[in-house]
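The same chain A turns up in both complexes below, where it pairs with chain B and then with chain C.
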Partner chain A sequence: MSAAPTLYVDRDTFVHRLDPRAKLAMVLALFVAAYMFEHPLAVATPLAVALGVLALTGGLRKLGRIKVVITALFLAGFLVWPAYAPARGPVVVSTPVFDLTEYELLFALGRSERIVAFIVSGFAFITTTSNEEIVSGLRGLGVPYAFCFALGTALRLFPTFLGATGTVKQAQEARGLDLSAGGPLQRMRNYIPLLIPVLMTAVRNVNSQSMALEARGFDTDRERTFYDRRTFRAADWGVTALAVGVVVGVIGLWWLGVGQL
Partner chain B sequence: MLVAVVAALFAAVLIPFKALTIVPGVTEIRPANAIPVAFGIMFGPAGAWGVAIGNLIGDIFGGTFGPGSAFGFAGNFFFALVSYKLWGNLAPLSSGEEPTMDSARQVAELWVIALAGAAVCAAIIAWGLEVLGQFPFSVLGPVIALNNFLAAAVLGPPLLYLTYPRVREMGLLYPDVMDAPALSDASSSRSTLAAFGLAAVSIAWLVIGVGLSVGLGGGAFIGNTAETFGQGGSTPQIALGAVAFVALFGLSALSKSRLPAALSAR
Partner chain C sequence: MTESAETGGVAARLRDVLFSYDRDADLDDEGSDDSVDPDSRGGAVLRGVDLDVPAGEVVVVMGASGGGKSTLLRTLNALIPGFLNGAFDGDVEVLGRDATATKTSDLAEQVGTVMQDYEAQLFGTSVEAEVAFGPENLAVPPEEIGPRIDRALSQAGLGDLDRRREPAGLSGGQKQRLVFASVLAMRPELLVLDEPTSDLDPLGARNVVEIVRSLADASDGPETIVLVTHEIEEALLADSAVLLKDGRVFRQGPTESVFTDVAALRESRVELPPVVDAFDRLGWDREQLPVTVAEAADRVEQSDLTWEPPEPTAPAPAGSGGDPGEVRFAVEGARYSYDTDRGPVTAVDGVDLEIRAGEVVAIVGHNGSGKTTLAKQLNGLFDPDDGRVSWRGRDVREYDAGEIGREVGFVFQNPDHQIFEDTVRDEVAFGPKNFGIEGEELDARVADAIETVDLGSLADADPFALSKGQRQRVALASILATRPSAIVFDEPTTGLDAEQQVAFMDLVARLNREEGLTVVMVTHDMGSVARYAPRTVVMADGRKVADRSTRELFADPEALDRWQLDAPQPVALSNELAARAGREDALPALTVEEVVAGLGGEPAADDPVRGGVNR
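Up next, the complex of A and B:
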């Protein structure tokens, strides 16, 4: 189990200082760009922007943590999509089992790149936005407080439960539990001695947490404030306007057939 | 307030188990997939929100946050919500008892619920990712459904057997923490009909979605399917998802849980 779960990179860059809502707008614009384009070269543009942001903000190093996931997703997409693409254009790879046309190759490459662009764009948001900023940003967007509270509390409690899971795992392994023993079904059953103690630890916490909150007069129906209150500054407005511009521009290019196969 | 606390805490519980994957890859066989069914039955709406939020936070901490996270959120929400709505409402399949998992009939009922829950979760995620043009429905849908069902069917009974009595003793079951108006009872026949409808929509969405994805509506696999994949999913696939979502929301509103009745009959 990972001892340091957070992917946030604590730096003081221009991107870090932006309001989370502005960052969210920019990420959404990158999502839209990755979604609207089909040609691998066009999809590479939002991917390159996201990688650039990661490089500037120090998040590139953390990307290594999910390189296996990214590689697996890219390869899975690249292997699957040719079967779902029209067999247009010249054959570029010919085997006794199948022929791969140029269109199929570009289609699969574009789709796989899109998956990676989505993940890297989201990753850029996560590495530059702290958990508290995510929650206050959602509240700023009008998401109900009860939801924000649940999300914020869960985010804060995550490391605690991760630690508890690690402790229980070590304790059970010391008693002879082997999580990797047996076939898939047996391996699933091996998790029972781990699941129960962790779940019951959490259940016991519900009572104490709710009593502590009630004792302090907590009420999700009332308007709550955040310690880290931000105003939407000129830079935030500028980035949001840029995001809107990107979305409009991408839709315009799509309309003109640019970046399509 | 307690609902929010329960949701938050159980979301946090879900996350560590997301990391405990058995087969890493596109989607993993996760022991955590047993939790939505058990939490849905025990904690009701709070469990559904908790599981959904937990999945979202798992994406944030796991570095896979993206547009697909919205569908992971919705899929896991309905996985738990369908479990909450179906328990006790599937007469004559239902045991009419609390989910203590001390009888074969209860286990059989749980398996039926796990099948419906796994199907709706898989259908929502596969539909969403096809619309986003990430993976075809026919590739992802069956894999997620099988993973979800296996984990829920294998781990669900022991999980409930060991935790349900303790949770009930602590007064944290949803009939104990929810306001009385939220538990207002519907007629038994209406709830049963709605529950069967929920199960049918869940499974039908997955089956029809896979069929559309492999081009069963329009001819041979691959050839015709290729033409339906323009930008995102095909029009029939998108329409299917829209209709299924409306049906899921409508039937969820009509169906009332039977756990309070089982508790009062104790």
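Up next, the complex of A and C:
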């Protein structure tokens, strides 16, 4: 037995019920806000909104799956960005090797937060939008169906491969594999017994899926219909209007210098 | 079902069909050498198939693993030659269309396909979206799709299922039924089923069999069904049967006629229906052989045969040669939960269990009953949230991975989840090397393990090029080379044909008898349980609901029904005979040999297992 392995969280919330295009508009607005603001407190606003959506829709638990990636990106950004910022303002950290100014600190924090805000906003969209909705939403925006379907399938396969990796890891550990043994080079080699079976499983899986797709009449060259055609309802228009308002507001604040360093 | 007028009563017609998965194969060379084991033979898989599939019938195709059954089905839905690369020759006409010149996606309007791996056939994130996917691909108007979804879910026995549910959260049986519904919503005239129950537990398999049975009787179902299966109970649903051997049709005819043709079944390496085998061994003429349990019980009543049930002291047929020794595994109040989106789900809920040295114990139960989770606690792959699991009196959490891995081997269901080396020899050496074995001792252990699983001639072969049965033996050898004193098997016979299953389980039983190996096997295969495991543990909803001798368990049909476990034919027949004789307290026979002995026959002089593939 295992937990349902997809990233989508099957709930019936207000956000889940929104048209994917309305959700995309809001995600885009959060992206714009995170991109236009520089000060970490200002960038924290779209990040907080995305985290709030995840909390309300049950997606926070799923976020745990990528916490390592998020933390690594945040730390890497925080370490790298000071090198690209002008050394203005008072020094807050002084070492024999380098000095860190307040501006550099805030700049690095803001930029690193921005990356996290992008990821969390996108994650909120994926956890509240099923594959079909992503496909139909993108298609509603004029994206070719073949591309939409490929994206939806990739999203579906990702957790499947995660599950296969877990099983392969158990099988090799039962035969004494110790992933943490040896120096850095040996540790990389230790992953070969995981990578090859996972890769082979992936190839077999993709092959079986391709045959199953063909047998179900899937053909990107042929016209198809869509059963679950959504209508853009009042709530969707409202959220879209809100997203437009956020974008206009953020640009206005940027014009006024609010949220900038 | 009705006959198809447009094709003159033939749904599909194959003429001189040859196919090799090797694109460069020279099909002209495929001719006369039938002596090679099809399981290990390279070259063409189909070697001149001539076949008419009668319209309006359920047709079952059987044969040995590697004999071309699935490949044959792929010609019916045009995956061959259009989609799969390979060398092809011959004519295939399906529902009046030239399938060799038709795309699979075009033929999907008429030919529906259900494959073994249900996970690979689900694309949607809701039940409704999944069923709608096929009709959408066929450009069915949206207003027509709703009624099709209703009907298809009803036909697949999922009418009450919440349509918003995510397929990933369904049981294996429900997933496969959802695949059926998704295909039926496309309203196919020909339904092609490739081992649809192989990955299912007994309840899931039974439900799928019910669907096939009801489709065969329905007026609005597919007109013709072609089914590939290893399961004899499923095969008996068919109107006619086709036996494949060496890539050709070896025998075709009405089901009853084919399944009483013992010589043809043996020659094509197909499992004999156990009651056919039993009455054949009793010397009955072919015309009188029964096929079903009810027929067999009637024959006994109408003849001068009498049923003598096994004595309570009767030994288990295989496995556990000696008396159990000291306690090896001790599970005390073990609990284990998984984290899910909807909170923790308890998989093992307060299980107590003792397994002694030299025992063979089966753990059975439905998908989700907790049996695999329990098994993974035995060697520390999962630590219990609560309670204790010990090996030789010491908590498994106190062993490091190397220590417990040397003592307790774990053979996973799918050998492909572990194989990664270039040769069988290197693959088998992986475990012992990790445990610090090297030099001559390593070489000796590896050679010994490879010989034990009878792969000596393939020691330098690429394991990825071997058959599933051979890869399963490589996985076992890789564990044997670590010289464990216990092995836990998770579904050891899944995906193997009848003969491979018998060969593999005979090997395990021999290791138990001769080496004193303690064996724990998690399985759905009740035939193997009956033959090889003297003791059975039944799990349900994470709890241990029964732990008794296998013979006693099978003597209790009510309990089997309660836990929805299927009794194999020898058990069902002996229980039926006992019931008709008013001896409900009698113990059942577990194997064909015991049925024969109970009816006054002599056990076969040759190897009872391999003489005819049977359990």
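Everything below uses one rule, namely that the second predicted complex is superposed on the first by the 180 of 261 C-alpha atoms of A that agree within 3 Å, B and C clash if a C-alpha of one lies under 4 Å from a C-alpha of the other, contacts with A are read in each partner's own complex, and residues count from 1 in each chain.
As a convention for this text, a residue touches a chain if its C-beta (ideal position, glycine included) is under 8 Å from a C-beta of that chain, and two chains touch if they have at least 3 such contacts.
Predicted model only: the values in this text are computed from it and were never measured.
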| item | value |
| --- | --- |
| Which superposed partner A:250 touches (first chain B, second chain C, both, neither) | neither |
| Touching partner for A:86 - first (chain B), second (chain C), both, neither | first |
| Touched partner set for A:24, first chain B, second chain C, both or neither | neither |
| Chain B versus chain C as contact partner of A:66, first or second or both or neither | first |
| First (chain B), second (chain C), both or neither touched by A:171 | second |
| First (chain B), second (chain C), both or neither touched by A:200 | both |
| First (chain B), second (chain C), both or neither touched by A:118 | first |
| Partner chain(s) touched by A:33 [first = chain B, second = chain C, both, neither] | neither |
| Residue contacts on chain A - larger count, chain B or chain C | B |
| Touched partner set for A:53, first chain B, second chain C, both or neither | neither |
| Shared chain A contacts, counted only where both chain B and chain C touch the same residue | 1-2, 5-6, 62, 153, 160, 164, 192, 195-196, 200, 204-205, 209-210, 213-214, 218-219 |
| Residues of chain A touching chain C in the complex | 1-6, 8-10, 12, 58, 61-62, 130-132, 153, 156, 160, 164, 167-168, 170-178, 192-193, 195-197, 200-201, 204-205, 208-219, 222-229 |
| Contact footprint of chain A on chain C as seen in their complex | 74, 77, 79, 83-84, 103-106, 108-109, 111-113, 115, 117, 119-121, 123-126, 128-129, 132-142, 145-146, 149, 164-166, 168-169, 182-183, 186, 338-341, 345, 347, 367-368, 370, 372-373, 376, 379, 381, 401-402, 405-406, 409-410, 412, 414, 416-420, 430-431, 434-435, 464, 478-479, 482 |
| Complex contacts: residues of chain B adjacent to chain A | 1-13, 15-17, 19-20, 22-26, 29, 31, 34, 49-50, 53-54, 56-57, 59-69, 132-136, 139, 150-151, 154-155, 158-159, 162-163, 166-167, 170, 172, 222, 225-227, 229, 231-232 |
| Contacting residues of chain A [partner chain B, same complex] | 1-2, 5-7, 31, 35-36, 38, 62-63, 65-66, 68-69, 72-73, 76-77, 80-81, 83-87, 111, 114-115, 118-119, 121-123, 125-126, 134, 146-147, 149-155, 157-158, 160-162, 164-165, 179, 184-185, 187-189, 191-192, 194-196, 198-200, 202-207, 209-210, 213-214, 218-220 |
